[in-house]
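Quick heads-up: structures coming right below.
Presented sequentially are two complexes of chain A, the first with chain B as partner and the second with chain C.
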Partner chain A sequence: MSIVKKMLNIDGRILFVIMFIAVAFPLLHPIVLPMVIQPYSQQAYDFANSIPNGSYVLVEGGNIAATDPACGPALSLFVYHMMTKNCKLVFFELTAEGAFWTQKEINVGLGKLPASVPAQNGVNWVNLGYIAGQESGAAALAANIRSTVSKDYFGTSIDTIPMMNNINTAKDFQAAFWFGGSEGSVPYGVRQLVMPYNLPLGASCTTNEAPNYSPYLQAGQLKGLFAGVRGSAEYEFLMGVPGTALGQSMATNIGGLYWLILILLGNILYFISRARGEK
Partner chain B sequence: MSERLVKINIPILLTAVLGIFMIIQFYFPLPQEAATTSNILMSFTTIVSAAALMLGSVILTIAHGKKILEKKPEWYYSILYVIPFAIITILGLISVQGASFAWVYNNITSPIGAALYSLTAFYITSAAYRVFRARNWSAAVLLVVSFIILMMLLPVGDYLVPPVMPIGQWLLSVPSNAGYRGMIMGTSLGVIGLGIRIFTGRQKEHLGIREEKKEAS
Partner chain C sequence: MMDWVFLGLLVGSLGMIGAYTVLIGENPISKAVENIYMGILSGYLFAMNWDFINRNAIANIQANGQYVYIISIILCLMLVSRLNPKWIWVSRYPVALTIGVGMGIAIRTTVIADFLTQVQGTIIPFNTLNGIVLIIGSISAITYFLWTTNYWGKATGSYHYLNQLGRLFLLVAFGVTYGQTVSMRLELVVGTMYNILLPDVAIYSYAFVVIIGIVLYYGYSTKRIKWYKS
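Moving on, here comes the complex of A and B:
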């Protein structure tokens, strides 16, 4: 067997070990490399930054265990960002697991805030928890919060939460942000918040979902998009608040470059093998 | 009342009337009473969905429980479902805010979820080397486009090869966008068609009725 053939039939475990080292090493020894900000991330940051101080912002948290490492940093930073603008945040989740991860990222974001910034539960933010029904649930919440959910994530009656006074429909909000993770729910936000209520909407999702949303971005229905760990890292970079995403972006770089090298190498070896007439 | 009337005709009529009522408000302004009714109906969906979730959990647990009790083939795998389900349910009923419930998420659910998602990286590694080949012109185009998009999505990609950003953005904005927009339109038209079929009673799968097409003799 020729060396080309041997390389083409290399044991998959060798490829996997190199992949593991390529991802694990930068995570253990994070280095921040220079990066160019993607237009969609810049738009999402500009949109978040343009939300007027003191606005009510509706936030969907769709991250789960699998997507929280990539998209969670953007959510926690969004909490930090909005709180420093004295905005009132109303969270809800369309997955049961999302309720837990959203609350976790809220706590991370609040933990970064200086003591001088008010961030009291029920006064500055409220987590309504899991809303069943997927898109229908989102539509019901947008139409009438109190008929959809009566208590928040902590079991407090919504009627006793001070910041929910006079807040009952999507019309009462000035902006919305949809942290959809990989659940594919960002179009729900476009259909149930943007179209009927004209609510400006930004979003975050995993990298693989980002190309699906470019029609909404081009149409202006989405004001911006933080895509995957890169989007989260760019948000941290733009905000000047380094976090876990910037550290992880190095692992993405090395892992991605390893894939590209494998694709090139595999094709070069394939063509050499074919030119030699090997089967 | 005949069985057909109760099981088929009335549900179809209800679906059609309520469905048309919910759709019509997007096209015509309705009186306040109608808008209130529509909000109530929308809130029903969350209740029904939550009930369906609970019902699904109960049915799944009963099925696994039966499998264990009757020692059916591979019954021991069902234990892996029933025991964690019981523990999480009890912890959740005690308090979803409790440290024990959070511990389960942080130390079991999170690593398992992240590990499962991370496995994709290894599958792609193998596929990148062994399968992703320019075997013909179509595959070569796919290969080049994927290479550019992947390079663009890497944080360091456009720093190493600056042209990937404008080329990648163009690929996303023009060909990909055109294709995806067409797909959205097609899906939407399909949903409208499906809605009409349900309202007119030609589609009965949502009632648990599967009608086999008569094969042409």
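Moving on, here comes the complex of A and C:
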């Protein structure tokens, strides 16, 4: 068997071990590669920045265990960003798992805030918790919060939460942000918040979902999009608050470069093998 | 007092390393992690959904006398009938209702949100390179699926070139989707590795790798675990 054929038939496990090393190295020894801010991330940052101080913002948290490392940093940073603008945040989640991970990222975001910024549960933010029903749940919540959910994530009655006094429909909010993870729920936000209530909407999702949402960005239905760990890293860079996403994005870059080399090498070796007439 | 976050990271690290052993080949450790994960996730989802019903339906009946929620509780119970094959037909009613309501709610804005505004968004930016590419790509990709002029055979004439251009755009789109999917999977690996390589956790992660390595080596060398061949 020729060397070309041997390389084409290499055991996948060897490639995985090299991938492991390629990804682990930049995590253990952080290196910084040049980064260009993507237009969608810039738009999302500009949108978040343009939300007037003191606004009520509706936030969907759809990250789960698998997507939280990539998209969670953007959510925690969004909490930090909005709190420094004295905005009131109302969170809800369309996945059961998302309720836990959203609360975790809220805590991370609150932990970064200086002591002078008010960030009291029930006064500056409230987590309504898991809402069953997917798109139907989102539509019901947008139409009437109290008929959809009566207690928040911690079991507190919504009627006793001060910041919810005059808030009951999507009309009461000035903006919304949809952290959809990989659940594919961002179109729910477009269909149930943007179209019926004309609520400006920004979003975050995993990298693979980004191409699906570009038509919404093109049409102006989404004001911006943080896509994957790179989107989160760019948000951290634009905010000037370095976090976990910047370190991860460098590891992703190295891993992506390795994958690209494998694809190129695989194609070159395939054509060499074919030119030699090897089977 | 026990630090639950740290304990969670340790358990997560052990679980992740155990799950990744599937790269060597399916083995008892990877299967155990897989089953434990599925069991915990199912239990958690059940508990969360039960909590949602309890907070929003049962509590409202008890505290506010809103008996309309009894209907939703009955529908929930009907779903459980799936557990008995003889009664599975009962569960079809709440499923049909859920799908019907979901579709109805989605459709009311789908025409505007997913069709008209998309078309408008495609046509308007004609003055930019992106806009021109978008329009040509959209139209040519749609023409690729016009089977009425191209059925059973190859496209002919000028339509052939439009058809081939559409095919090219579709291939590029599929390539982008593949690239983005690989990138997303890579992000998942990086995310999990980030957690297991956190300074406080890393030393335990290395220990888990060694322990799992020894167990697997013992299993494979004594032929208690069958070696996987790729």
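A few comments on the model shown:
In the analysis below, the second predicted complex is superposed on the first by the 279 of 279 C-alpha atoms of A that agree within 3 Å, B and C clash if a C-alpha of one lies under 4 Å from a C-alpha of the other, contacts with A are read in each partner's own complex, and residues count from 1 in each chain.
Keep this in mind: contacts are C-beta pairs under 8 Å (C-beta built on N, C-alpha and C of every residue); 3 or more make two chains touch, one makes a residue touch a chain.
This one's a predicted model, so the numbers in the text were calculated from it and none came from an experiment.
Once chain A of one complex is fitted onto chain A of the other, the partner contacts of A:181 are absent, as it touches neither chain B nor chain C. In the superposition on chain A, no contact is made by A:62 with either chain B or chain C.
In the superposition on chain A, contact of A:244 is made with chain C only, not with chain B.
In the overlay built on the shared chain, the residue A:97 is in contact with chain B and with chain C.
In the superposition on chain A, A:200 contacts neither chain B nor chain C.
Of the two partner chains placed around the shared chain by superposition, chain B is the only one that A:144 touches, whereas chain C remains out of contact.
In the superposed model, A:109 lies in contact with neither chain B nor chain C. In the overlay built on the shared chain, the residue A:11 is in contact with chain C alone; chain B does not reach it. Contacts of A:215 after superposition: both chain B and chain C are touched. Shared interface residues of chain A, touching chain B in one complex and chain C in the other, are 12, 16, 19, 23, 66-69, 96-97, 131-134, 136, 139, 148-149, 196, 207, 210-211, 215, 218, 228, 252, 255-256, 259.
Per the touch definition, chain A reaches chain C in the complex via residues 11-13, 16, 19-20, 23-24, 27-28, 66-70, 96-97, 99, 129-136, 139, 148-151, 155, 182, 187, 190-192, 194-196, 206-211, 215, 218-221, 228-229, 244, 247-248, 251-252, 255-256, 259.
Contact residues of chain A toward chain B in the complex are 8, 10, 12, 15-16, 19, 23, 33-36, 38-39, 64-69, 96-97, 100, 131-134, 136-137, 139-141, 143-144, 147-149, 153-154, 196, 207, 210-212, 214-215, 218, 227-228, 230, 233-234, 249-250, 252-253, 255-260, 262-263, 265-267, 270-271. Chain B meets chain A in the complex at residues 26, 38-40, 42-43, 45-50, 53, 96-97, 102, 105, 109-114, 116-117, 121-122, 124-126, 128-130, 132-134, 143, 146-147, 149-151, 153-159, 165, 169, 172-173, 176-177, 180-181, 184.
Within the complex formed with chain A, the chain C residues making contact are 23-24, 41, 44-45, 48-49, 51-52, 55-56, 59-60, 98, 101-102, 105-106, 109-110, 112-114, 117-118, 120-122, 125, 134, 173, 176-177, 180-184, 186-195, 197, 230.
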